[in-house]
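For reference, the structures are reproduced in the following blocks.
Both complexes below contain chain A, partnered by chain B and then by chain C.
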Partner chain A sequence: MSKLFEIALGVITGIGGFLEAGSLTTAAQAGAAFGYQLIWAIAVGTVCIAFLVEMAGRLAAVSRHALPDAMRERFGIRFFLLPLAAVALVSFLVLASEIGGVTLALEFATGISHRWWAIPTALSIWLLLWKGTFGMVEKGTSMLGLVTLAFVVAALTLHPHPAEVARGLVPRGPTHDAARYWFTAVSIVGASVSPYLFYFYSAGAVEDQWDEGYLTINRITAGVGMTFGGAVAVAALVCAALVLHPQGIQVDRFEQIPFLLTSPLARAGFWLFVGALFIACFGAALEIALQLAYLVAQGFGWRWGENLQPREAARFALVYTVVIPLAALVILSGIDPLKLTVISMALTALSLPVTVVPLLILMNDPQYLNEHTNGWVSNVAVLAVSAIACLVALVALPLEILGS
Partner chain B sequence: MLIGRDILDQQVVDRAGRLMGKVDGVVLGPPEGEDARIAGIVIGGTTLLWRIHRGLARWAERKLGGEGRATFVPWAKVTKIGIDIKVDVDAPRTRAFHWENWVRDHLIGRIPGA
Partner chain C sequence: MRRVRLLCGLTLAGIVFLGGCGKSPADQAREATTTLASWKATLRLLEAQEARGVVPEAYAGQVRRAAEEEREKATAELRKAGSR
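Moving on, here comes the complex of A and B:
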């Protein structure tokens, strides 16, 4: 495969894979409540995830080891249990959120309550993993995920004022409703820096048998792909700021979210929204379920790989076969998918130090990276964002739970 | 070489490149002179549990009986120590895939299309 083609594919993966239940909901809430004010939070989250994805890819390319593998080996089982539990818990909640997003899209399309769709959705996700290959999951979902570009089209038809949008990139304190503002900011960061993204990416790089020849591709893919992905999230925020904010609609019920596209694009907008929500959440659910299986299998040294038949990697297949129905049960239980999503994103932010710091230590270890260890910029950037996001979440999460 | 850093928790790979599990424990042989010597590495079984929680490990051992037996690879069979530990054994002939095979035969293999 030519290098250019690989880069294009990687960038498409970044764009098509960025928007999912979490980033869409948090961007919509931010735009509806605060106009352009919180664009900076998407920018911060995007820079951070670009660094993390690049690191995960570099670790895999140089050491041929995926992240959980390397963590268990470097830190030992007792410490490893901590990031294992944190990533597994957060990923499980995000998986449930994505299944919730798929079922909501189906409810919008059919009028049948989303709870009834939980089981069929789970079954389809499982079947695709059971029968599919890694390339199909990765490339298929990201190609189809390009439908989320509808948000960019919608944002452009609304003619946002470029200077005002740009002003949103500068972090500022809230003008009103401070608790809500910081909670939303930290949920946005959590949605962008979802650990499943870089854990999945590192396993993918090992599945695709990357070596040091891929380092440049990796850097471009991570940088450009995530930047464009972040731009799609900004577009969703802009739509919300121009459609929902002036009418004073706060996104606290999911029925309000399709307005984002129906207002600028009319009837076509409704179906584009339903399609985008369905595909984005379905693709993310596939990746998260797979990532949970990678996490456990790599942590315990089992045979793993989505390109193997289930019977060739039975314990690996068992993990996703168990977590998918469990996550569907969460939605079936009748929990509000919107609330679940937002809380999961804040919890993600809260858990960042546990999921990110071990990666940083690995990335500075020449035993794994040879001469390709981290520079100080990426170390400082990722550490600062994780620490601040965690602290803000620590304050904002209890306030949000008590408030609602 | 440090047991904790270089051996414990490393990936074990067999002669054919098959993933056998991580080094869950190390068996020290009878001391020769002043130094204890490594007799071999242990993979799987309840070994790992002993390093996490003793009560849990004891309970699991009682429950599983012989099922929980681990795979022992003599130190002489270790061919390379790097990020991975390469061993000159044939994994399917050890107990390393005991649970893998159990899950395959009793759960995953029973689902159509596996």
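Moving on, here comes the complex of A and C:
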């Protein structure tokens, strides 16, 4: 019974925690510009993140090592600095874009410019991390994150044609605007395969003291939770494809995204959108700030733990105390939150080989995994997606930045 | 070390090359026109929803401001593309 409860909780965490600023924005842009054509990119990203999350959990359960800790031990501190820098940079940008998402939700709700909300938002995130526990951050925000299921309700209300949606699962070339198509595809993969998701998951497994008895729970949580989470992102894309695409509306600003819910759900849809954006981005910001602290503290071998008092893990607490206001400053500087989000997602895709390959090497090392090393399917799937996403990002990102 | 330098050089050259292959004036004009049409459609949708009382007034104001800013940008792009 207790195991069933843990599985249910894990799956709910996967669903409630999947949608955030990046996955929502990229899904909305894809649906508005290309209809159902890019559903396959969400599917590819979801399969890849399910594999990665399962691996990170398995590594923690079998070796009792969090990912950065194992990387530093296996490859040495000099090599570890490379993935550390890559993950820290993309996570910082994603943190800034999540804070941007929270501030925009507050702007929609109050009419007060989102820049005024940057500091109060940063303070609230910091206070919750300072006072809260790991369970509160992980489970609390994911439970509230179930409000994102409003996108599923909205998509069903719009009556999409099932065969056409299914056709979107098959990868195919663009019918128009090839550069934008591939850039959006790679941003979707980057949004789905954000390194913070599996780094945070691995630290959480160590915080919760997982052992080999958790391997089945881990597999089900990763597989089912991420699949349902991906389905919520697909629902957002379907809403954009049915509401914005037929009218020729492309998503250039966050202000256009609430139409995804106001069109099918009327006034309630507006407030559901504001709630979903606020909770999803706030939850993601909490997790990313915490993951940055885990990353640095575990990587350098400092004392760490969200369940410890800040004075017991002072350097760990110092990391999130520094990064949260810095990320808020990015939003305060007046940068367009939507552009920041989309570029962050593409950069995430670009950095995938640096963040994923060391994990794959660890996952094939019997010294850490005993008889639980990776099979060839997960190795090939994750390696192929990371390599292709990185190559496409390498071409699409300069075109997007310098070409415009 | 030489290999790293070579790799960095090639990457930089690739980025500069791709930047050079950026959008032509015709592409820029086409994109700006699409943006203008998109915001026109956005305002049409907003008006329809406002009439049904679906969206709050404050939010409608935010969309109008965003539309104005983006339309100004797109018009400037269109002018720039035309003068090239």
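The working rule: the second predicted complex is superposed on the first by the 402 of 404 C-alpha atoms of A that agree within 3 Å, B and C clash if a C-alpha of one lies under 4 Å from a C-alpha of the other, contacts with A are read in each partner's own complex, and residues count from 1 in each chain.
Note that contacts are C-beta pairs under 8 Å (C-beta built on N, C-alpha and C of every residue); 3 or more make two chains touch, one makes a residue touch a chain.
What you see is a predicted model, and the numbers here were worked out from it, not measured in a lab.
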Which of the two partners, first being chain B and second being chain C, lies in contact with A:73: first, second, both, or neither?
first
Applying the document's definition of touch, where does A:255 land relative to chain B and chain C: first, second, both, or neither?
second
Scan A:3 for contacts with chain B and chain C and give back first, second, both or neither.
neither
Does chain B (first) or chain C (second) touch A:161, or do both, or does neither?
neither
Contacts for A:394 in the overlay, against chain B (first) and chain C (second): which applies, first, second, both or neither?
second
Look at A:65 in the shared chain and tell me whether it touches chain B only, chain C only, both, or neither; answer first, second, both or neither.
first
Where does A:107 make contact in the superposed view: on chain B (first), on chain C (second), on both, or on neither?
second
Of the two partner chains, chain B (first) and chain C (second), which one does A:172 touch, if any: first, second, both, or neither?
neither
Shared contact residues on chain A for chain B and chain C?
none
With touch defined as at the start, can you tell me which chain C residues reach chain A in the complex?
11, 14-15, 18-19, 21-23, 34-35, 37-39, 41-42, 44-45, 49, 52-56, 58-59, 61-63, 66, 70
Any idea which chain A residues touch chain C in the complex?
107-108, 110-111, 247-250, 252-253, 255-256, 258-259, 262-263, 266-267, 269-270, 394-395, 398-399, 402-404
Within their complex, state which residues of chain A touch chain B.
63-65, 69-70, 72-73, 75-78, 80-81, 130-131, 300-304, 309-311, 314-315, 317-318, 321, 367-368
Given the complex, residues on chain B that touch chain A span 4, 8-12, 18-22, 24, 43, 48, 51-52, 83, 99-101, 103-104, 107-109, 111, 113-114
